[in-house]
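Look at the two complexes coming up: subunit A is in both, with subunit B in one and subunit C in the other.
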Partner chain A sequence: MRSRIREFDSSTLNESVQNTIMRDLKAVGKKFMHVLYPRKSNTLLRDWDLWGPLILCVTLALMLQRGSVDSEKDGGPQFAEVFVIVWFGAVTITLNSKLLGGNISFFQSLCVLGYCILPLTVAMLVCRLVLLAEPGPINFMVRLFVVIVMFAWSIVASTAFLADSQPPNRKALAVYPVFLFYFVISWMILTFTPQ
Partner chain B sequence: MAAADELAFHEFEEATNLLAQTPNEATTRGDQLVPQQHVAVAMDSGGSYGAGNEVEESDKTALLQEEKQQPGFWTFSYYQSFFDVDTSQVLDRIKGSLLPRPGHNFVRHHLRNRPDLYGPFWICATLAFVLAVTGNLTLVLAQRRDPSIHYSPQFHKVTVAGTAIYCYAWLVPLALWGFLQWRKGVRERMGPYTFLETVCVYGYSLFVFIPTVVLWLIPVPWLQWLSGALALALSATGLVFTLWPVVREDTRLAAVLLLSVVVLLHALLATGCKFYFFQPLPLEPAAPPHQATSQPPTVLLSPPPPRSAAA
Partner chain C sequence: MATPAAPAGGARNGAGPEWGGFEENIQGGGSAVIDMENMDDTSGSSFEDMGELHQRLREEEVDADAAAAEEEDGEFLGMKGFKGQLGRQVADQMWQAGKRQASRAFSLYANIDILRPYFDVEPAQVRSRLLESMIPIKMVNFPQKIAGELYGPLMLVFTLVAILLHGMKTSDTIIREGTLMGTAIGTCFGYWLGVSSFIYFLAYLCNAQITMLQMLALLGYGLFGHCIVLFITYNIHLHALFYLFWLLVGGLSTLRMVAVLVSRTVGPTQRLLLCGTLATLHMLFLLYLHFAYHKVVEGILDTLEGPNIPPMQRVPRDIPAVLPAARLPTAALNATAKAVAVTLQSH
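Right after this comes the complex of A and B.
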């Protein structure tokens, strides 16, 4: 699930497990930094990996799922529903941008979209902490503010990476689905109520 | 092709109208095409072509330019041909669906026989999510007014909305296209639309419901019904104006029946969505039903069990 410059191919088999894990963790951490401080760089695109999106998606889905097994129709999404929305949403957006004539590869686009969920995962953590306090309009306002800021951050981060790959007269057509995707995730975060 | 790129198509109102009425005839632009090809062929071949061969050559090139390259359906570029639209074109098609005019056929004027799948797909997706989100918001606002209503973020509504909208926007055009193909023999002048053009018409006609659904957040009943009726009128008018030229030559009965079924299905979708997503009834079985309005006459969507208050 990674692409790398294979310089020392044969020697990675003999290294300790700790080395392997730390190398991958460092790569993921470096990409997290790129998302948090978005600027025009190719790191996310060149060395794409899907570990980061997987970690983020699982974290988000675990935090968003409804707690007890109450009635089927009430409550927020199940783990599987969040997972499906994130991954199928990302795949659909990638297909859309490729069909419109973008020159980004399939996995690069999945990588960017997945990593840019990081601000929204942070928003989910903050919302969960805020919900521990007493409910009320101030509680809601704080959560709304945090979610809106993180939503804008996600959009800015992903367009910084994805915008250049589209032909100029179709940029808006490719960016709108990204907006819809993060809007739906933000909505799920905002309407989360603990049981 | 390089030649086609140089001879860019310019927009003229009369030409557009002429094209809309008689799409299969060549306009003057096509005639201007031929002499240029004529000259190019003559220059390339030197003096070896006779007069008859020159005419044949220009005819063939003109014919080849009209033929479209059709890659197989298993290749990626086949599907890419359905997304060959620019931002301005999509916006123009949306505007065309919002303001139907009697003389302007949506397919001929706005699609120009180049349907796209971007519009229908993303308009349906947006409408499904907006329905779920605003339905949820209505419940939140209703709970603020009356704390006895039990609120929960009903995520299953997203699934229901998505399924309903996508089924409507793809199965109804399929049925319509099948019906028009079946009645093809009766028509002389105008051929039926292709399946993709029908899907396109339906997809873009659903756009007007997106702002309407957002307006339905305002809990004033007469305003909700007014905006719903307005949106339905605009949308159905667009559909009727598009279908009328095709259906006009059929028997009177078939034409009227088809158009009324189309409008009726559209109305059913609108009322079904209104009742299913915007009914602020309590969800606990123990609590008595609050504000019991009329029973939802949903055809497409079945109401959840606790709401069978009429029993």
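Right after this comes the complex of A and C.
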């Protein structure tokens, strides 16, 4: 029997920080494009990474903060709340799809669900811009429309990536919790009003 | 793994008779490679003797490696010769041993396959069970079948959480010392798990034929009625409508659960105790969920309680003027609420 030699692969250790960051950012950007134009591809699944979901989650949580220091008036979600909802929601959905017999790995599923929050983050940006105008029913209708469209986009995107990993007759069972998850996030976005 | 040394037993003839057991262990392996799992075996030997033994083993291994190294000299160019290779080998084995132990522990405790049979359902089955949860069956003479699955109940609890959030937001509930999401999740899961356990305990006392899984499934599907009622009445705020739905839909799902439990219990007292408790808790929970987040009632509460609000309390508010979803005559409603409060206070 031969002895095993551990080869120290230092090919990526010695490159400059800028190279590493640019490479990772390009990978994240490529996946964003895949989410915005969902096709049946397994790019998200093959090289999963959790940078994109982290960036999106932090952005969303920051934008959803009320900004008021006075804790008595806190009715809206705080940073930690949004963070916990997103990550524990994603973990729950992943466990559910694995228990239903899906053949997707834990982190691949987290990656897909996290990246598909991108349309909702865009909706949050648009809502914040719209809220700068005067409040009123038209304001609300515009925000409602934007959030509904982005909500549908998120679900379509995540279904395009996740559906293939489920047994064919149980796709609805795996998609329903995804629907609930994005519904809760959309609801948080829609009911956000800056003080 | 290094090539096995020349007769391992032969080299240790000078070890002494008291190490006979240890020798057999190593001989059984058939190789002179250090076996990490046997390192803990200190039966009948002291530390110094162990160290000596290991040193001897290592020397033998080095000899064996030296012989091998001469043949594959080209591969070790640039590395540190035998010592480097030995170090890597030892490190490699420790890594393997650690990994094996970690994966054993992981597969023991984090095995989700335990739950897999409870999620083995088809969409058609879930749909039919949802509809059946609203239809009370009259046959109480022999035990009715309860499907032991957890997918439906779990999804219903999450749906209830989502509906509750919607209701809380619409009525501008403010939670002190807590969060909306936390309260919603705590309420729904607390009810499902807590009441299931309590009724299971009562069923144990009353000799009812039901397992914990079946109770969880039964109560979970009973929440379907709650979801429907709350979804409708959080959007259409009419008291009469709510009471009607409470009796009809809530009553139907409660009757179904009661019928199932009656079919599995013997004796009138036991049946009464078990089913009465379940019916009371189930109907009261629906009442609580509706009224805890109701707008007009909160306006009255605010007027009655005044500024002395103890901590950990929901602070209700008057109906806001800019709520876009409902075009209510807020001034009129506030005035009515205050008038009612004044009338109540004067009694």
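By our rule, the second predicted complex is superposed on the first by the 182 of 195 C-alpha atoms of A that agree within 3 Å, B and C clash if a C-alpha of one lies under 4 Å from a C-alpha of the other, contacts with A are read in each partner's own complex, and residues count from 1 in each chain.
Heads up, the rule we're going with is that a residue touches a chain if its C-beta (ideal position, glycine included) is under 8 Å from a C-beta of that chain, and two chains touch if they have at least 3 such contacts.
What you see is a predicted model, and the numbers here were worked out from it, not measured in a lab.
Applying the stated contact rule after C-alpha superposition, one finds that A:P135 touches subunit C and leaves subunit B untouched. More residues of subunit A are touched by C (comparison of subunit B with subunit C).
Contacts of A:F192 after superposition on the shared chain: subunit B is touched, whereas subunit C is not.
In the superposition on chain A, A:L99 makes contact with both subunit B and subunit C. Residue overlap on subunit A between the subunit B contacts of one complex and the subunit C contacts of the other covers 72-75, 77-78, 81, 96, 98-101, 169-170, 172-173, 176-177, 180, 183-184, 187, 191. On subunit A, the positions that touch subunit B within their shared complex are 72-78, 81, 96, 98-101, 169-173, 176-177, 180, 183-184, 187-188, 191-193. Residues of subunit B that touch subunit A in their complex: 76, 79-80, 82-88, 90, 118, 122, 125-126, 129, 133, 136, 151-156, 283, 304. Every residue of subunit C that touches subunit A in the complex is listed here, in rising order: 1-3, 65, 68, 75, 79, 85, 88-89, 91-92, 112, 115-116, 118-123, 126, 151, 154-155, 158-159, 161-162, 165-166, 169, 172-176, 179-182, 315, 322, 324-325. Taken together, the subunit A residues at the contact with subunit C in this complex read 1-6, 71-75, 77-78, 81, 84-85, 95-96, 98-101, 135-137, 139-140, 169-170, 172-173, 176-177, 180, 183-184, 187, 191.
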